[in-house]
Structures are given as structure tokens and as C-alpha cells.
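Common to both upcoming complexes is chain A, partnered first by chain B, then by chain C.
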Partner chain A sequence: MAPEEIRQAIIEILEDIAPDEDLTSLDDGVSFREQMELDSMDFLDIVMELRKRYRVQVPEEDYAQLASMNSTVKYLEPKMVDVAV
Partner chain B sequence: MSQPLSQTEQEPHDQSQTDSASSTDASLPMYDTVIIGAGMSGIAAGIRLAYYDQRVCILEKHTTIGGLNSFYRLNRRDYDVGLHAVTNFTEKGAKKGPFSRILRQLRFKWEDFGLAPQRRSRIAFPGINLNFDNNIDYLTSEIRREFPHCIDRWQNLLAGITDYDDLDQTAFEISARERLNETLGDPLLINMLLCPLMWYGNPREHDMAWGQFCIMFRSIFLEGFARPHRGVRLILKNLIKKFRGLGGELKLRHGVAKILTEDGTAVGVELENGNRIHCKRILSSAGLVETLRMCDATSEPDPRLAGQMSFIESISVLDKQPQELGFDETIVFFNDSNDFHWTPPAEGLCDVRTGVICSPNNYVYDAAEGKLPEGIMRLTTIASFDRWDELDEAAYRREKLRWYDRSLESCVRFVPDFRQNVIDMDMFTPTTIRRFTWHDNGAVYGAPDKILDGTTYIPNVFLCGTDQGFVGIIGAMMSGISMANLHCLKD
Partner chain C sequence: MSHSQINDLPYSQRVVMTGIGLTAPNGNSLADFRDALLNARSGIQPYEIRYFGKTLAGVCDFEVTRHQSRKDARRGTRAGSVGIYCANEALQNSGIDWENTDKSRVGVYIGVTEHGNVETESEIYQIKQFDYDTKYWTHHHNPRTVANNPAGEIALNMGVTGPHYTIGAACAAGNAGIIQAVQMLRLGEVDLAFAGGVSESIHTFGIFAGFASQGALATHEDPTKASRPFDKNRNGIVVAEGGCVYVIERLEDAKRRGAQIIAEIVGYAINTDATDFVLPNAERQAQCMRLALKRAGLAAEQIDIVSTHATGTPNGDILECAAIREVFDHSETTWVNNAKSFIGHSMGAAGALELAGNLPAFADHVVHPTINLDDLDEECALRGLVHGQPREVAKVDYILNNSFGMLGINSALIVKRFV
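Let's turn to the complex of A and B:
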């Protein structure tokens, strides 16, 4: 997956986790926690969804890398380079 | 995690493997997680695990789902077993609070729970009332009117509760009465605040853990009451539909007799019919004492540890809407003296000095849904499990009618007298509660001491439900979700 495709994959996960959220105005540089009030349960879900959908493992010590869209895409890029769209 | 173990891995645990070709219960496959109890907590946990592709099976002793929050049909009328109100109500779009968290975690839309907010409720003591609704400012204005000398202290208390950290186990155990004496000072105000919070979620006698107080305070005063027009069946129906849609299995009439262990680790369960089911871990909503009893047949845990607070509840069907009788409130918590006694009855079958009266008619339902077809008044008072349990069949029937009359007589001191308008009635007692929940003593809010992290002495047996710490419908679901997340998903 290319960075833009990874971003789209994350958007789809966020749509599932927070269906009432308007994601079109999401600021990629600002933390999810701040914009969407995601809590630790939601971050567990992002990790679980990545595992379920793309077989990508995110160890617990790396959860902090998933703070914002930019940091998430950057962190996942090497892990998802071989994942088919 | 999502793959069932292969046949060879399963074999050492299972004496019944030789029967496997016959595909009876005895040859059931290996599950990732077996959940004991199809109440709100068990089903919510099941949804989480099934969603992430676990093989999960819920075993329910009873013939129906829901546990304490079940429903039934009698004389062509629908009844809810325990529901007065769903607490923790927040409006659509709210991002904070347990309700929105549950919706996200279980992938529900706000509309799926069909919640209509309460109209108005009241704490009624002799000669003094505090009204409240789902906006805390209303209660604050009531306290300003009745307890003007306490208003600054009240504001401080509010700030403290907002800051309370749910997960802080040390602060949890502080005495709520002591803490309130320090912060508020006024004994009558303290009793009036404790009354609804104890009624809706205190397993402990006399006093309440500070942590439990804060959780209940938020869920009732800062968030609020609501109810689906169709009652608890709507919530249960949607939960179980989702669970099954994700491939989860539910087995009714499957009581667990024993948790099977090998070298200190659980390997499965033995059912009351003797069949065995194997699994990697067990999440039990049966209660702490009740679960431990399944683990080890040689030691009998003291059932008193399971909690003593139990109730009778009557459901009166009226020939009119309660509003036509001048009753437009949702819930009234009454107490007939300035002292508030939260203990099992010292003598007799019930203590009717305090109680809760609730009308499911008095919620603000959507115009499209309309009014409920008939007027309903639910009345709950404190009862002794042991004394109800001792009665023979004839005495049980007689006492039910006697205490129905006595409890109504007590409550009409605080609400309009509806006794001439009753056209049908059903009633449950502590023994009914035990039959539905299988909890010792018919304890509605479980054990006085909570196991917040849900662990037991067996490393792969975990608790969810009332004895893990959260009560009420929302609390139960939250418990199932958080224990599933913490103990069953991260491997």
C-alpha cells in the first residue's frame, strides 16, 4: 500500500469505530484523541482492526505512534508496503 | 488467536474425544473463550470477541437471555424483569461517557438502543423534596432552594466527582459517608443524595464505597435516565442479533456445573448434563462466589460474601395513564424518615420504609412511537432473601399479596394513590431474582467487595458483570467490554 492508500484504510477503520464522526474535516497533523476524543479502548480497536483486516501487528509499546493520521501513516508505511489494496 | 486448536492439541484434555464422530454435545469443538451467563455483560463481551474472529460460546443456565434484565409475557402483557431506567444517558453525538463508549465498542448506532430521556424524577423525604432531571443544573437549583447553606460545598463536591479517576483502586474503597460528611456536612442532604445512588447500585450495607458513589453519581445525576419505548427487549434483541451475526454461539439451558482445571489452569467446563466443553479461557458473569464454587468442589465459599441486598418488586397495571392520575414523574425515590437505612430487613420479609417507584409511561418518547398502551407503576422495596426462601408454597403466595399491599400503602404517601386503578399485577421476590440470575441470595448488585480487574486465582478464568464492579445495564455492558479487552483479546 502507498501512503495515500494507508490513509484511506485508517479512515475506513475510524468510520467503523466512530460512525457519528464527520471525518472529511479531519486534520492529519492533529491527534485523534484531541479531535475525536478517542480513548484507550478506541486505540485498541484501531490496532485490532489493522490486525483483522491487514494482518498487521502493532505491539503495545508502539501504540503512541498512532497518535495522529500523519504519524500513523508514517509508522505503518514499512509494515504495509507489501499489503495489497 | 482466531483459530481453534487442532484436534491433536485438544486431545489430552478431553476424555470424550472418542465420541467426536457422533457430533453430540460431548464432542463440541474447542472455543477461544467460553462465557458463562447471557446477561448484558456476557453478551457485550461476546460481541467484542466474536467481532475479532474468536470462536466464542455463551452458556446460559436459564431458558432465556438477559439475566436480571430479562423480559417475559404474562396474561397477554409484556413485562421487563428489572428495568426501571437505563442510566448514563447522553444525547446523540456525545463523545464522552460510558454510553457512547459502548456504542463505539460494540459498533452500534445511537438509534439502535432507542433511548427516550426521562421527564423528571424526585428524591422524597418527609416534608422535603429534591427534583432532578438529566441536566445537573436542575438538581443544583433544588439544592440551592432547600439547602442554601450547602450550595458552595455542593459545587466543590461536583468538581471533585468530575475529577475522580475510575481506575484508582485505593480511592475506590474510601467510605462515601465519611467523604460526604467532610465535603457537605449536612446529614439530611447526605442521606437524600445517597438514597437514589444506593438504590440503583450499592451492594454494601449502610455505607457505600466512594468509587461506587462517584460512578453512580455520574451515571444518574451527571448523565441521566432513559428507556427504550419497547423496554429492555429491544436492547437485548439488538445485542444478541449482533452477537449471532458475528458467528457467536449461544446455548440456553446450558448450566455450568464445574470449571475443569489441569495444573491450575482452566481447560473447559462441565455442564450440568455432564457434557464437557473445552476452551482456552473462561469469562464468567456468574458472580465471584458462584464462579469460585464451580472451580473447586472441595471448599464451599461462604454465600454471605455474595451480598445481601435484595428486593421485592411489583408491577401494577393501571386502567389509566399515570399522568391522568396526576403522576407525571419518571422515578421517585422515597424514604419516610430523615435517617436512611440501607440494610436487609432486621425482621420480617420486607422493609418498606424506603422504596423506588417508577413509571415507564413517564419518559419523553418520540411522537411516532406514542404512549405506552397501558399505565404501569413499578415499585421496589428492600427484602430479606433468607426469609422469603424459607416460605412454603402457600405462605409464599400469601406473603406476596400481603407485602404488595403494604408496599403500595407505604409509597402512596409520596405519590398519588393509584390503588383503585390497578387492573393487573405481577411481582417478583428475592427467590425469583435468584431463579433468573442464579446469584446467591438473589443479590441484585452482587458482592460488597468488587474485583475491579476481574481476575481470579485461576490465571485464565476472569469475572465480568456485577461482581467485577459495574452495575446497571450500561455498567454491565461496560464490564463485559472492558474485561474482554483486557483479558481475552490481547494474545
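Let's turn to the complex of A and C:
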């Protein structure tokens, strides 16, 4: 997956776990939590959905990397490079 | 306690219903539900569920997002969504000034037949796609399956900080939730209660498969004819989802705020067969009704409507009819009906919903019928059984509501027209 495809994959996950949020104005440089109502259980949902949909494992010590869209895509890029769209 | 003694109780010990919210397979408000009961509108439809396949069920179509965010609906359970809808509708119906209500003095008591099966089945189905690797098991599993979940979701949604819990009472649970509220209000533990029952049971294949294996799941080529208590050709239960939550408070508080008083709860009883896991016990059911009557200070002939539990199983209906005959057969003015013939068995919600369907009779003096009774089973013949068409009667002052469940739990609740 290319970075833009990874971004789209994350958007699709967020649409499912935060269906009341408007994601069109998401600022990729700002943390998700500052823009959306997301708690720790929601972050676990992101981790779980990455595991289920793309078989990507995010160890607990790396959770902080999922803070914003930019940091998430950067972190996932090497892990998802071989994932087919 | 005699009848006059009930009326002599201080207002602090008299408990009344002042709001109703419900969802049934044939209506999402009391007005719609009542209209369906008076016009033979069934809520049973074809239904399909994983592993079990095609069957019939009572399915609700209330608007989940009326009182709940989409996110919370996703995070929670169907039982939670049913409860949240019903509790908020009940609150609106009650006219309570919620903003200025002390939420720490509010209790939430919700009856459930079972809880957690839906989520557990669903998660096992999910991890099956991953060769049963439990790393794919959701972190939402425990908050969704704890037994207090439906009551807790209501409390969370409404900001209630008083006690909340569910009452697990098989299919007597709807009555049991209401009874719990009465007790807590009388004890002064809370000043206001949301109480009743909910069911999400149609979303677990296990309940269908279990009843089918037991030979107790109804089948019929016409879904609307499948639930047929007292009929010779009845062949079991139609599973339904649903919910009914009442706002319940002490009479003194209801009077003080000038509330509409829907009914006064004047008697109740819960007892246990202690004879079988599944088969009911008519003698204990009769004892349960008698105990409720005694506590209300009422003679059997003072009850105007007996709302039966009958689910359409061959044995269960006969035994309940035997119990009712023993208690009420001498009464010429007691009418008997059944709501499951319209909506199927809404499990934890059944007691609360079936009572609700009869409450408008206090004002309109109409007893809704039981439907689908085409060929009466002589063993289910009851004096006063209203079937086919609604029956207008001289007065309705007292309703006795039966709800019985597995492991031999029996409940009877008596409500009175408030004057």
C-alpha cells in the first residue's frame, strides 16, 4: 500500500468506529484525540481493525505512534508496503 | 393487608407508574402497540439467523439513534439500545424535569432473560475467520457481556448515578424489574426508578436452536399465525425482541409534581416451583397469584383482567390455565387475554410489555383479545377468555399480570387504576 492508500484505509476504519464524526475536515498533522471523541477503547479498535483487515500487528509499545494521521501513516508504511489494496 | 389498608398506606409507601416507553414488534409507542392489539396486527415475520437458518421472529424497528449516538450503539449491545430507547421515551412520557432531577437518587432496574449470548456467539463467529486465534477477540466483549450491561448503558446514556443493575429472572424478568423498583422506592433507596425489561434474544441463534431441540419452537406457514396460545394446533414459542421501561415513583412525589398517574402498583409476588428446570408447576403459579392478591388485599373477583404468560407451548399453556382456573374460575367479571399471540415471546421484556398493552383499558374499558385461537384446546378453556375481537367491559380497575420462567420462577404483578 502506498501512503495515500494507507490513509484511506485508516479513514475507513475511523468511519466505522466513530460514525458520528465528520472526517472530511480531519487535520492530518493534529492528533485524532484533539479533533474527535476517541478514547482508549476506540484506539484499541483501530489496532484490532488493522489486525483483522490487513493482518498488521501493532504492539502495545507502539500505540503512541497512532496519535495523528501523519504519524500513523508513517508508522504503518513499512508494515503495509506488501499489503495489496 | 386489606384493600382499605392499601389505600390507607402513607403516600411514601404507595408506588405509581408515571411514564412508559416501549418497543414491540408491532409498535414503538404505547399508542401504536395498543392500536395493534386492538386491531389484530401481528409483529411476527420471517427471520433468518446464522447457523440456524430460516425461522420466525418478532423484530423491532424503533429508531436507535433517536436517543443514542451511532458510536454508542456500535460500542454497546442491542439490549442496551432497546433499553436506552425505552427509558428515554418513558422519561419524555413522564414529563419529569430531568435537568433538575438529582440523578444520584435515580435507580435503573432492568429485567433480562439472558444476556451476553449475542456477543459471545458473534465473537466466536468472528474469530472463526481467523482460525480461532483469540488475538482477534474484541476488547468490547466484557463491557458488552457483563450481566448489568443493559441497565448500565441506560444509566450511562442518561447520566444516572444512582444504582443500576439487571435482574436475571428468565421470562419473569419484566415483572421482576418492576417489583425491584417498588421495593427500592419503598425502602427509600431511590426517589425515582426506570424499571422494566428488555430482550435482544432474536440475535442469538442459540435460543432458537435450543427451543427447537426442546421441541418448543413454533412453526407455521403464515408467520402471523405461528404464535397461538391456547389453540389446539399450537406448537411452541416465537422468539421476539422488545423492551418496556416504566418511570416509577412514590405517590407523594408524583402528586407533588402533578404527574399523570398511569397505574398504582398494589400487589406483587415472586415464588419458585422447585420442581423442574423447564416444566412449570400449576400449583406454585396459583400460589404466586394468590400471594399477590393477598398482598394487595384483593379477592380474585376484583381483578378485571388477567394478562397471561402463555407462550404457545403444549404443556405450559395447559398448566397456566389450570392455575388460573384454580384462582379465578369462580369470578364472573375477570377477563383473560394474551399478548404473545401478537408479538411472540419477548423474553425479558415480556412481563413489562404485556402489562403495558393492557394499561389503556383503565380508560377505554376495552380488553384486547388473544388472537390465533381458531380451535380452542379444551384443556385451555377459561372463563372470561377474550379472543378474536376486543371486548368492551363495564369497568377495568385491576389488572393482574403473569410472567413465568425457566428454573421455576413465577411472578404476578397487580396494578390498579389510580383514582
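Here is the rule we go by: the second predicted complex is superposed on the first by the 85 of 85 C-alpha atoms of A that agree within 3 Å, B and C clash if a C-alpha of one lies under 4 Å from a C-alpha of the other, contacts with A are read in each partner's own complex, and residues count from 1 in each chain.
Convention: a contact is a pair of C-beta atoms (placed from the backbone, for glycine too) under 8 Å apart; a residue touches a chain by one contact, two chains touch by 3 or more.
Not measured: the values here are computed from a predicted model.
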First (chain B), second (chain C), both or neither touched by A:19: both
Which superposed partner A:61 touches (first chain B, second chain C, both, neither): neither
Which superposed partner A:82 touches (first chain B, second chain C, both, neither): neither
Touched partner set for A:4, first chain B, second chain C, both or neither: neither
Chain C-contacting residues of chain A that also contact chain B: 16-20, 37, 41, 44-45, 48, 51-52
Contacting residues of chain A [partner chain C, same complex]: 16-21, 37, 41, 44-45, 48, 51-52
Touching residues (chain side chain A, partner chain B) in the complex: 16-20, 36-37, 39, 41-42, 44-45, 48, 51-52, 60
Parts of chain C lying in touch with chain A, wherever the complex brings them together: 69-71, 74-75, 126, 130, 135-136, 138-140
Of all residues in chain B, those that touch chain A in their complex: 52-53, 92-93, 95-96, 101, 104-105, 107, 109-110, 481-482, 485, 489-490
